[in-house]
Amino acid sequence: MTFFDDLLDALTWAAVAVLAIAGALSASRKQMDPVGFMLIACLCAFGGGTVRDVILGVPVFWLVAPGMVALAAGLALAVFLGAHLVERRFVVLLWADAVGLGLFAVLGAEKAMRVGAAPWVAVLMGTITATAGGMLRDIICAETPLVLRREIYVTAAALGAAGAALLLEAGVDRTVALSCGIALGFGVRAAAIVGRWSLPTYRARPGRDYPDRR
Amino acid sequence: MTFFDDLLDALTWAAVAVLAIAGALSASRKQMDPVGFMLIACLCAFGGGTVRDVILGVPVFWLVAPGMVALAAGLALAVFLGAHLVERRFVVLLWADAVGLGLFAVLGAEKAMRVGAAPWVAVLMGTITATAGGMLRDIICAETPLVLRREIYVTAAALGAAGAALLLEAGVDRTVALSCGIALGFGVRAAAIVGRWSLPTYRARPGRDYPDRR
Amino acid sequence: MTFFDDLLDALTWAAVAVLAIAGALSASRKQMDPVGFMLIACLCAFGGGTVRDVILGVPVFWLVAPGMVALAAGLALAVFLGAHLVERRFVVLLWADAVGLGLFAVLGAEKAMRVGAAPWVAVLMGTITATAGGMLRDIICAETPLVLRREIYVTAAALGAAGAALLLEAGVDRTVALSCGIALGFGVRAAAIVGRWSLPTYRARPGRDYPDRR
């Protein structure tokens, strides 16, 4: 149990670090000043988990672990000073974001189930935890919203959260359940990035009063 | 009292169902994938009530009623598969949204007063409950924000909430007070849809340093 | 202590009043109807503090002080009726916003430290308290987001919050610490308005695979 708590804690720090870097890289594409870098990094890293904790009614995770705020702000400054040394920043942003997505989807679902939520509520909480930070970033930076892009993103988060929730509900060992969920969420997102996958989207099919416009 | 609680509960389920359908119909206009449908349906159905419950400091309503999440997700899938069979989807979206507006405005005001809020605070809470889901949907789907459209929408929610709050404050029977509030909110919105009503908006009137530009 | 609490209370009312006026002036630029004025005024005045209180897990400040909602709504109506009498409304908006920024940055940091947050967490909370209302207003009114404008705004809030947090941490008398923080935050913002200051922003510096595009 103690080992497991340590593991969850380490995963949360890792997710915060990669999402802070992803947020700061977004800020660099928008040519912000250093304080803007720190704010967007914090929004990205803490946004999803904050929404989760507020909805679940538990203490917000970064309030009780102040080192996380220092970590996110420090990484944001490091990106401000050093991002031009990285050859292909957009690729780093994409993969940091994918790692954060896998981690936070599963951590969100697990935390929801620990406070007694039903499995499908846990899947929604995991999806929100993984995607709310990116949504906030897109909204505040005036980028194309996440849900309108033709790529598998929300779905990868939902699958990772669902995998972990189902295995936990089935009584599988927590370390195994969480690892499988993280692997599933990150794997689907990674495959979507590499293979440029997308799900079939809604198209107006022949209806009664207008012809199919495609 | 038990009957009244059952009634409030049934109204909440009805509001969730119509707003989930309205959200999914919005997703269909943006050509999303099935998971996008489910996410937007949940945002629309749960957004306003979540903001209300978090601000009031009470347990978030859908966390303790997990069937609601299943209902919203199921309706979203049904819309994904069946929306092309509906002749005039935009009209359905408009009216589903109007019903949800009336219900949630009154439910939000009632819940605020039950935890001891003053009547005008309850009116604000009702207005937020009824409109926050639609605002979130517009922001995340990059549509024209609700408050910038020239139609009576926020005002209908505010009137419904105010009606219910005033009658409750005056000691009128709860069932009567809530019914009147819902009828007022929905009625004003329905009249606005049918009659294309709008309130007088702010216009720069003759000032000192520039002429009226209209 | 009683005097100090009264002072904090008076400052909160003052911040609510100036931000409600700033919000209503934004609504006037978007030609909204009276209910839209009241909603945007409340969003601007209460948005930041609500996010702060919800994250800190304390009762939301305007729920327990219902007169504030009446004040914000009344000021919004007054602006709707009287804004055309003011010669240069944009300048009033700018300075009302600057006063609100200084007050809420320090009040947010102070409230966070009172519930036991570490100083750098308090700086983040103060920054969020001062800027979240304006961010919400920009998002909901579809204006250029705050963080993308080339002016010192978020930085002024962060500096004011940091000044107050450092002085409080150093054991300085609260009235002195808060006054210095407010003066610093407002002063930096005022200087930025008057002198059109901006911080150095991120620019792509000579990297390995592409030349500096500036």
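Order of writing sets the chain letters: A, B and C. Residues in each chain are counted from 1.
Note that contacts are C-beta pairs under 8 Å (C-beta built on N, C-alpha and C of every residue); 3 or more make two chains touch, one makes a residue touch a chain.
Since this is a predicted model, take the numbers as computed values, not measurements.
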{"item": "Overall pattern in which the protein chains touch one another (line/ring/star/complete/other)", "value": "complete"}
{"item": "Same-residue or different-residue interface between subunit A and subunit B, half as cut-off", "value": "different"}
{"item": "For subunit A placed onto subunit C, the superposition rotation in degrees, Cα atoms, nearest 5", "value": "120"}
{"item": "Euclidean distance of C-alpha centroids - subunit A vs subunit B, Å", "value": "28"}
{"item": "Multi-partner residues of subunit B (each touching 2 or more other chains)", "value": "54, 139"}
{"item": "Contact footprint of subunit B on subunit C as seen in their complex", "value": "27-28, 30-40, 42, 50, 54, 59-60, 62-63, 66, 69-70, 73, 80, 83-88, 139-142"}
{"item": "Residue ranges of subunit A touching subunit B (in the complex, touch as defined)", "value": "54-57, 117-118, 120-121, 124, 127, 131, 135, 139, 144-148, 152, 154-155, 158, 198-209"}
